[in-house]
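Each of the two complexes below includes chain A, the first together with chain B, the second together with chain C.
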Partner chain A sequence: MFKIEILMKKGYKNSHGEHILSDICGIGIKNITKVEYSPLYVIDGDISSVETETIAAELLSDKITETYTVNSCSQTNCGQSLPSKPAINNSMNCIVEVWYKKGVTDTVSGSVVKAVKDLGISKKIEVKTGHKYYLHGKISQTILNKIVIKLLANTLIQEYKIK
Partner chain B sequence: MKSAVNCKIIEILNLSDNQLIKLSRNNVLSLSIEEMREIQKYFEKLKINPTDIEIETIAQAWSEHCKHKTLTGIIEYTEYADVQTKRTYNNLLKETIFKATVELNKKWCLSVFKDNAGVIEFDSKNGVAFKVETHNHPSALEPYGGSATGIGGAIRDILGVGLGAKPLANTDVFCFGDPNTKAYKIPEGMHHPKRIAKSVVSGVRDYGNRMGIPTVNGAVYFDDGYMANPLVYCGTMGIIPKNKIEKKVNSEDLILVVGGRTGRDGIHGATFSSIQLDQESDVSAVQIGNPIIEKKVLDAMLKARDLNLYRAVTDCGAGGLSSAVGELGEKTGVVVYLDKVPLKYSGLSPWEIWISEAQERMVFVVPPKNKNRIVEIFEKENVEAVFIGKFTRDKKLTLKYNNDVIASMDMEFLHNGVPKPTRYAVYKIKEEKLQKPVKMSVGEISKALKALLSDLNICSKEWIIRQYDHEVQGQTVVKPLQGNNIGISGPGDAAVIFPYTVIKGTKKGIVLSNGLNPQYGKINTYKMAASVIEESLRNAAAVGADIEKVAVLDNFCWGNPNKPEILGSLVRAANACYDMSKAFDIPFISGKDSLNNEYSIGGKKYSIPPALLISAVGVIEDVSKTVTMPLKNKDNKIFLIGITRNELGGSVFAKINNIKDGVVPDVYPKESKDIMKKIYRAINKNLIESCHDCSEGGFAVAVSEMAFAAGKGVVINTDAVKTEDVSMSPAEILFSESNGRFIVEVKHKNEFKFQEIFKGAVFAEVGYVGDNENIVFESKKNKIKVKENAENLLKIWQSTLNW
Partner chain C sequence: MKKVKVLILRTAGTNCDYETQAAFELCGGFVERIHINALIEKKDKIFEYDILACPGGFSYGDDIASGKILSNEVKNKLGDKVKKFALSGKPIIGICNGFQVFVKMGLLPDPNIFEQISTLSYNDSDKFECRWVYLKTEKRINGESNCIWTKKLPDIVSLPVAHGEGKFIPNDKKLLDALNKNNQIVFRYTSKDGGKPEYPLNPNGSVEQIAAVSNIKGNVFGLMPHPERYVFTLQHPAREGFDSEYGWGKVIFQNAVDFVK
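== the complex of A and B ==
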């Protein structure tokens, strides 16, 4: 099982992150200075790390503006592993991952499965997609929970993990 | 015979009334005690207990969402005015809205109130199909998924009308709570209105844009009454060959299910939409959309349609397969093998497969001889297509799972067995008093004008509109925002689609517009309904539509119909629909109602302010004649057509200035229809340069919009405005929201011909297009002169909703 994270290259605008930041300011929370967003994919199945690299490079990331990390993981730690290199800044305070709850239709994953086949990798795989947010700034746990529940995750269909 | 393959027998025969109610509640069936008793009686006759899937099927077929029990049930209505009047409706819908359509009997209405959408004639070979639906409850819980599947469903309605229409444009109308509400005021478990608004817009954007269908017309209305229960109306218009409008189902035809796989998504959506929202609303009622699958279905099915490979099609909406297959097989009977339905994952019980509202699924009726060819076409587009059963002759619904019969019921009972409820409705007509004369200084009028332009319900919706692709397919000729360039624009009255890529060589266009005003409904639902019907027509007329060729759709969103006052206000609105339809000679061709828009906070129940959305669709003979709203050239004359009455009741001006009294704008069909017809004639003779209707905010707002959309100035003499009551103050003239009024710009050389056409109507020359950027309102009589800069007003209009 592999976990792929897509990161924005240095110097490019992380526009989804900026949207989230403006939403956070919009609900009256001042202390967050920067938000970075990364899409996450977990690929499960009889698949090699070389093939996963190909999927990340050719399918899931934009070579010009994005880079990616691929980490091997097990069933238990897949949703939890921290990135080997935190992106860009070291004033970062917390990381939030958001995943669909079991049974909720994940349409992007369906498209990934189909596209992987089109890439010529014919092994049977399963894909889960998630979202990762790097929040920079000093905030309390209560405020953080508020941000997550009000803006980042809909707990009806998604679950989240805070680092 | 009834073996238990994941299928339970439900004890119903020996239950008491209390136990029946409990059974209905515990299984989210949303069935009343009368209905439960009827079901009990049916199975008593058979001397057998039903299976879970049989009970679920009945609950779906009898749900408010599928059967519209309130509007088609018996209503005992009492009205209190000077005298008390009583009336019994055996079927409100048939005795008001539908009745008007039948009486008008328009030959150009090709399909009304019977299919997934209404169809009117476009030209000798084609029809235009239009449908608007609501998706309120799912959008309250998961705004993104809810609104995305809302537009997805509206598109599928168009694919499922007749043998399928090709979608050309989408419309969307939303009602949200105040986005500036402080976070702590939001009840536990509900999303903030701003989050709902943003996510709903993203949902419609992502689905519509990915389908390659432009979103061209809409409206957004903010009111605190929609805080925990937003309204999401989605509509789609499409074009359909006239010879593809009729469906047919023969015995022995096969049932083909096409598109998405079935999962646990949206179980109990139909019955769920019939109950009220609270904190513990059902999780599995959430649906997630996948536009990519729907796009593939669209492409493949139109190919199959043109090869005549199927006899009927419908979409899986509320109630899933149970509703879609049940309706198609109503006259013949049907047998379905549920184990053949393709699933997203294993572990679903047969009843879950049968009623799941998983998205992007269509059901086709295929003659056996075309079996292989049709599947080939879908496979080529990578669309899953699987035969799951066939139509029979026994007039029974038979469901099988691994060859075991798990349900067997009479179609007659399923479709016509629902007992007619009797509901009570009352309405007290409130007397509307004229407000105290509104005297305002120059400064106060300036301030009011700016406050109006920046009001949430008048301000620019550009932030939303620009997220939608309103240009894809390249046929949008009159656009939602109109003006000099991307930064300088005003709100268009209606959208016009020129379907030249679908119908080669045509000169005709299709106009789409809408009317919505819940604020009026808080005071008088009759006037609200009349006003929004008139507004939708006025919007269409303003771009150059011939209202003799316009049809309308109704969408009622109301609170709990078990409360007599709420149902009474609905009866009044439905009566207004009948009266206006007859008076304007405008048929209703389709409609939908969403009742039970009620939510509870801390144990207290709140109903939404009643909202009637009227969506108009019409055919324009020559698209090259259409006009837009920005002013065109300096020195051109400005005319205000129609009478300005002292009607500030329910107006945005009254809300802002906290004016409690006031008369809600009424509709004068004879006067207003005559004006619309004259506008059409003048536009067709190229006598009108620009045209805009007066609605929320009144004359001053409408003139300002025309000016700043063009980066031009305008000089208006308010003394020249024709009023009913000579004592109206300048502020009342400027901000009254009287219906039936248009502002038009006319060249000097066309003035004579223009006046000729408008002989007999009330109109006046009220000003001219200025040569600088000043917007001026002057009353010499009252010694008042308001002067504002166009660019400044534009900025005010644009800055409110700029997230």
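== the complex of A and C ==
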């Protein structure tokens, strides 16, 4: 199982992160100074690290504006099994990951599976997609929960974890 | 008179294929809308056509990134055929999502290289921008455009845009300089009087306000605005056009049909 994170290269605008920051200000929270957004993908199946690198480079990232990281992972640290309560966080920066709850249809994953076949990789795989937010600024756990529940996650269908 | 055959490539999520067909037919083209799976089954069928169009829409739901999955599919399954078609000098147009497909598969701006060297990234606003914009037609070859699709257009035209990922970004300064030097920048977003546009007149923050590019030869053309949505004056909010009946978008399709004839 591999976890892929797509990151904007330095010098390019993280439009979605800036949009989230604007929304955070819009609900009256002023302590956050910067937000960066990264799409996440978990690929499970009989697939090698080389093939995963190919998928990340050729399909999931944009060659001009984005880069990526690929990490081998297990069920517990790939966002497949999230703790029911977030960890207490009082640091200056925090990271929020948002994933679909088990049983919720992940429509993008179906498109990724199709596109991986188009790349010539015919092995059977399963894909999950998620979202990662880097929040810069000093905020309390209560405020952080407000941001996540109001702006980052639809808790009816998504679960989240805070690092 | 030669019968000008147009192939409009469609797939799941394509939604501007009928309007594009109507625009070509208005200009005398004989159009077939063909699903990519059908073309993959008979790859050489592409050479039965004179013009290739990749229309707008949300191919594969814009999943991963706009046009990414279709560009991957076309490149891996039809790449050599599409490249051959482009290098033969036949007209090719990619409109909005079609432009994103061509840029991400590397057909634009240079089908000879056929590698992605530029991109269409997320709008600076991070929003879907849907409005009429002004475009400056670049005319550096004896006062005329280098692109076969954009001859006989006025200095400034108006067309509608509708996209979330239209910010054109070249790989580096060297490429940007080459695009300028080779007259490959076809349209730039502009203000009504031809000045530098601020948002929302530049709807996405494109580098040097680039809205459309072509290959050096001028036969492969990609643009974010939708010319097929402005073939009649009635489609313009102020009912403007180049005569009482037709809009400037029609000229773009007519140019290609006339070029083949």
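Miscellaneous remarks
What we mean here is this: the second predicted complex is superposed on the first by the 150 of 163 C-alpha atoms of A that agree within 3 Å, B and C clash if a C-alpha of one lies under 4 Å from a C-alpha of the other, contacts with A are read in each partner's own complex, and residues count from 1 in each chain.
In this section, a contact is a pair of C-beta atoms (placed from the backbone, for glycine too) under 8 Å apart; a residue touches a chain by one contact, two chains touch by 3 or more.
Please read all numbers here as calculations on a predicted model, not as lab measurements.
Of the two partner chains placed around the shared chain by superposition, chain C is the only one that A:K63 touches, whereas chain B remains out of contact. With both structures placed on the common chain, the touch criterion links A:K10 to neither chain B nor chain C.
By the touch criterion stated above, A:G26 is placed in contact with chain B alone, chain C being left untouched. After overlaying the two complexes on the shared chain, residue contacts for A:T107 are found with chain B and with chain C alike. Counting contacts by the rule stated earlier, residues 107, 111, 114 of chain A appear in both its interface with chain B and its interface with chain C. Remark: chain A residues 22-23, 26-28, 103-107, 110-111, 114, 146, 150-151, 154, 156-157 touch chain B in the complex. Note for the complex: chain A touches chain C at residues 12-13, 15-16, 18-19, 58-60, 62-65, 107-108, 111-112, 114-115, 118-120.
Taken in their complex, chain C has these residues touching chain A: 60-61, 63-65, 68-69, 72-73, 76-77, 104, 116-119, 121-127, 169-171, 205. Chain B makes touch with chain A in their complex at residues 141-142, 144-145, 183, 191-192, 194-195, 198, 263-265, 283, 286-290, 292, 344-345, 358, 382, 803.
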